[in-house]
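Multiple structures are listed underneath, in structure tokens.
Here chain A shows up in two complexes: once beside chain B, once beside chain C.
Then we have the complex of A and B:
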């Protein structure tokens, strides 16, 4: 797993790549928990480079999402590949997290203030 | 062989001092391995300082130029802080000389009070005309901002440990490869320049320099945490802009940092992200005076393709640091880090340093214990001195040739103590030490045995609470097969089946996220809850899941969740009432027809949303139809090439089911297909399947 974290306004876009599974779910969770503490309005997971996410990875996202809620930080999912989209659909986690076609869509909905910074990047 | 061993033991035990010496040696070896980093840090750091002084780095090339705002500059251009318009001019002139990167070791948190408009606001008795004229002059901060934006400029930021509000200024995007870093310097908030300046600069680097307990700078953090965000050190950020790398790449192994990558530059770091600085003494040749830059007295090419830093050196010793090679300005410490990177030679404490140090302690210690006692006292002292000097020489050689920071001081101290013990004897003390060590070892063995026993017990309990197909009374209306293969000893899959009454069969399969004991306990609780709900709630499966979800969400401190498919089959009609909580839909196989997966609306896994309205859904089984429930240990079984089994391969296995086959034969087909696919690759997840065939009436 490899992740790129970028800040746009008060929101963070995290772009992991590769597989997220039991071997790296703890590290992934640590990164997510740190970032929901940093973000002001939204933490967007850009999954365009993720090949696979296991239930342990989904759990990391769920924990981060619950940790962000009291501070008004929403965890959004963007740009899923077909395999990952299917995993979210089968597990119905698409009912739990707001899911978007693209990072731009996610920011537009969850953190409109960050859209300008995103556009200029 | 036997007599050889006996002679060895005799040799070890002969001489009273040996027992004490062995005890001392063991204590030192254990201390060194456990708390050595803190306990021996004084002699260790003194030794590393001695290395640096004995064989200091030779400054080969001069890739970094420091523009010093020194006493001469202040004498010529007035007291510090200068109006920002003057700083802007300095920056403008430097950028005009085409540096690869410019780092400014300054933070401007307040506005410039000498800007004409701000100055005018504080004066009384200005004529209206003069006041108007002043207002029309450019603002100093705006001028500096415009200049900063003209090139690859890095400005300073600093970490603060208090809870002051932080404005989220820009930082380099960071790319983490291989985990999440641990043990970085952690600051709650950031001291930054005015937003107009902060957003104008392309780079932002941490100026904060780590001091050791004795006030000395030996290491600098390559990255720090600022209010939870990863921020590069000042020299790293200036190098990033020079390398034109759009982001900062951090390579990790678990929580341990391996290094930083900036485009083509690769910078190894210690596990905690720090870099040991390989110092030279302060060197005049690194510096040019800011006054000379402003007055244009320097040769035109002085900055061409160089890395330039601006720092204030002329204010007494305010921004000066103690280093192993003497006092130097903070900006020169940053410059030395950059020189280390560009020369590609680093001081480092290799990963194996501790092992080497342990080996030296142990090897020399044993050599002394075995070899010294037979010698005469005079020769003993001489030999011991020789044995203690050898590691010192090795340590210095390792530093001189490879820049390795190997702590030979601790082994020398330890083995000197061993020598003293050999001489002194101290038999009673040695006995006490030996008993102490033995009892510690016994305790550890006991603990390990208990732990293993507990895991084995957990496995037995887990397997014990799962029902077996043979235990069901034979019923001509259906047959059933269930199998579970945990990947590790204690897994997170579950299944269950039981007859609620004569005509209703309850079936369930689930998968707890995570592995090990917590997942297993959660599974046991989840299964028991579903069962008790099912026995209470009659036949509304949606209601059962709803109740189970509320109950189980309540005590979920581990934040685990369960994907689950549960259903109640009416054995009289073949009607299945079911609810799917985020689980892979069941496969359906009617003899002689292509297999398919059951469609459902369903909901998220249990414990994800505690108020989700789960609903019952219905499916009508045809006579002879088999319902096959699996966990992702089947569908996501992985072969050694990293390919997943996938639904297509599962369905392909079903095609071979004979027309007169039953649940058991289908389960065997599927297990065989998985085994053939993974072809010996170790299972990464539990593999569970539950197949039910409704025969009809």
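Then we have the complex of A and C:
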């Protein structure tokens, strides 16, 4: 798994790639926890390059979301591939997290102040 | 071994309401209109071929009780939920009350839904029967005696005429019970619970209910994979969705269909049976969770296909 972090205003877009599973879920969780500590409004996970996410990966997202809430940070999910979208549906994570077709849609809803910076990137 | 499910609900029995029965009848009548269903045979075939399981039947509402026929003369049951009443009536119908039997009970733990059937376990009232309760859980005798006493139940424990023994098992030690070798493993659950690996003639059935799994806890995961390793059948607590088990119902001691598939794949299990169904789910919901689990197994399959089924009261699985 590789990750790319980009900051847009007070929000961060994290773009992992590859598989997120038991072999790297702890490293993924550590990244998420760091980012919900520094973001000011939203952490968007752009999953367009993620092939698969296991229960351990999903739990990392949940743990980070809980950690971010007291600081007003919302975790949003964007640009899922069809299989990942199915996993979110089967696990019901799509009922817990706001999910969007694109990163732009996610920022528009969760962090509109970041849209200008996103558009000029 | 032959595995018969007498009770498959978690937490609380969930009887099918009259309203739900009527919905099923109305749905079937509408779907069968103009199909010429003018005989029992035609109507039965229509139910089998044109209706889903949830439309034509029910997953049932009794709480946990599973019979494992090891081929010997003695009975082996896992847990004493409300389903044990149906089992005891079937056993009495088979043998009659005058034929003493040996009933071995494996108790996962003593939460109410897993022992609530015992006051209605008819063989306990019949002299000559032997009931042996095996468990790694240390509170079994206290819980069973306490349940059969005032003010919870009018028939005192001392009134029970069968011989009742309580046999403590050490986790990790194999015991011969009803002709099978049985090994218990501690699980993550409030007030503790134990899963059991039951081996006979090269076949393995694992009864693992009321157990929470967080796969990132690698020591726990390794232990569970060891319990499940190469099993022919794993009966698995799939009460919640993964999202529930990771959020509002985290640390409530139950698991999900997704975790069941992942652990079974890691352990090389052949057949995963979803069990301990959430009592607030109706038949359609349980069936849709089952269909989604089939799809998740397909998505995640890397080797041999894992067979997945969803337990219902009356299901029989040959191992």
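Here, the second predicted complex is superposed on the first by the 121 of 121 C-alpha atoms of A that agree within 3 Å, B and C clash if a C-alpha of one lies under 4 Å from a C-alpha of the other, contacts with A are read in each partner's own complex, and residues count from 1 in each chain.
Methods note: contacts are C-beta pairs under 8 Å (C-beta built on N, C-alpha and C of every residue); 3 or more make two chains touch, one makes a residue touch a chain.
Because the structure is a prediction, the values reported are computed rather than measured.
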Simultaneous placement of chain C and chain B on chain A, clash or fit: clash
First (chain B), second (chain C), both or neither touched by A:55: both
Contacts of A:34 with chain B and chain C, given as first, second, both or neither: first
Contacts of A:6 with chain B and chain C, given as first, second, both or neither: first
Which of chain B and chain C A:42 touches, first, second, both or neither: neither
Touched partner set for A:75, first chain B, second chain C, both or neither: neither
Greater chain A contact set [chain C / chain B]: B
Partner chain(s) touched by A:95 [first = chain B, second = chain C, both, neither]: both
First, second, both or neither for A:24, with chain B first and chain C second: first
Touching both chain C and chain B, counted on chain A across the two superposed complexes: 22, 52, 54-56, 58-59, 62, 66, 90-93, 95-96
Partner chain A, residues of chain C touching it in the complex: 214-216, 221, 241-244, 246-247, 256-259, 262, 292-293, 295-296, 299-300
Chain B-facing residues of chain A, complex: 1-7, 9-10, 21-22, 24, 27-28, 30-31, 34-35, 37-38, 40, 52, 54-56, 58-59, 62-63, 66, 90-93, 95-96
Contacting residues of chain B [partner chain A, same complex]: 168, 170-171, 173-180, 225, 227-230, 247, 252, 254-255, 511, 513-515, 559-561, 563, 581-585, 602-605, 608-609, 612, 632, 636, 644, 684-685
Residue ranges of chain A in contact with chain C within the complex: 22, 25-26, 29, 52, 54-56, 58-60, 62, 66, 83, 86-87, 89-93, 95-96
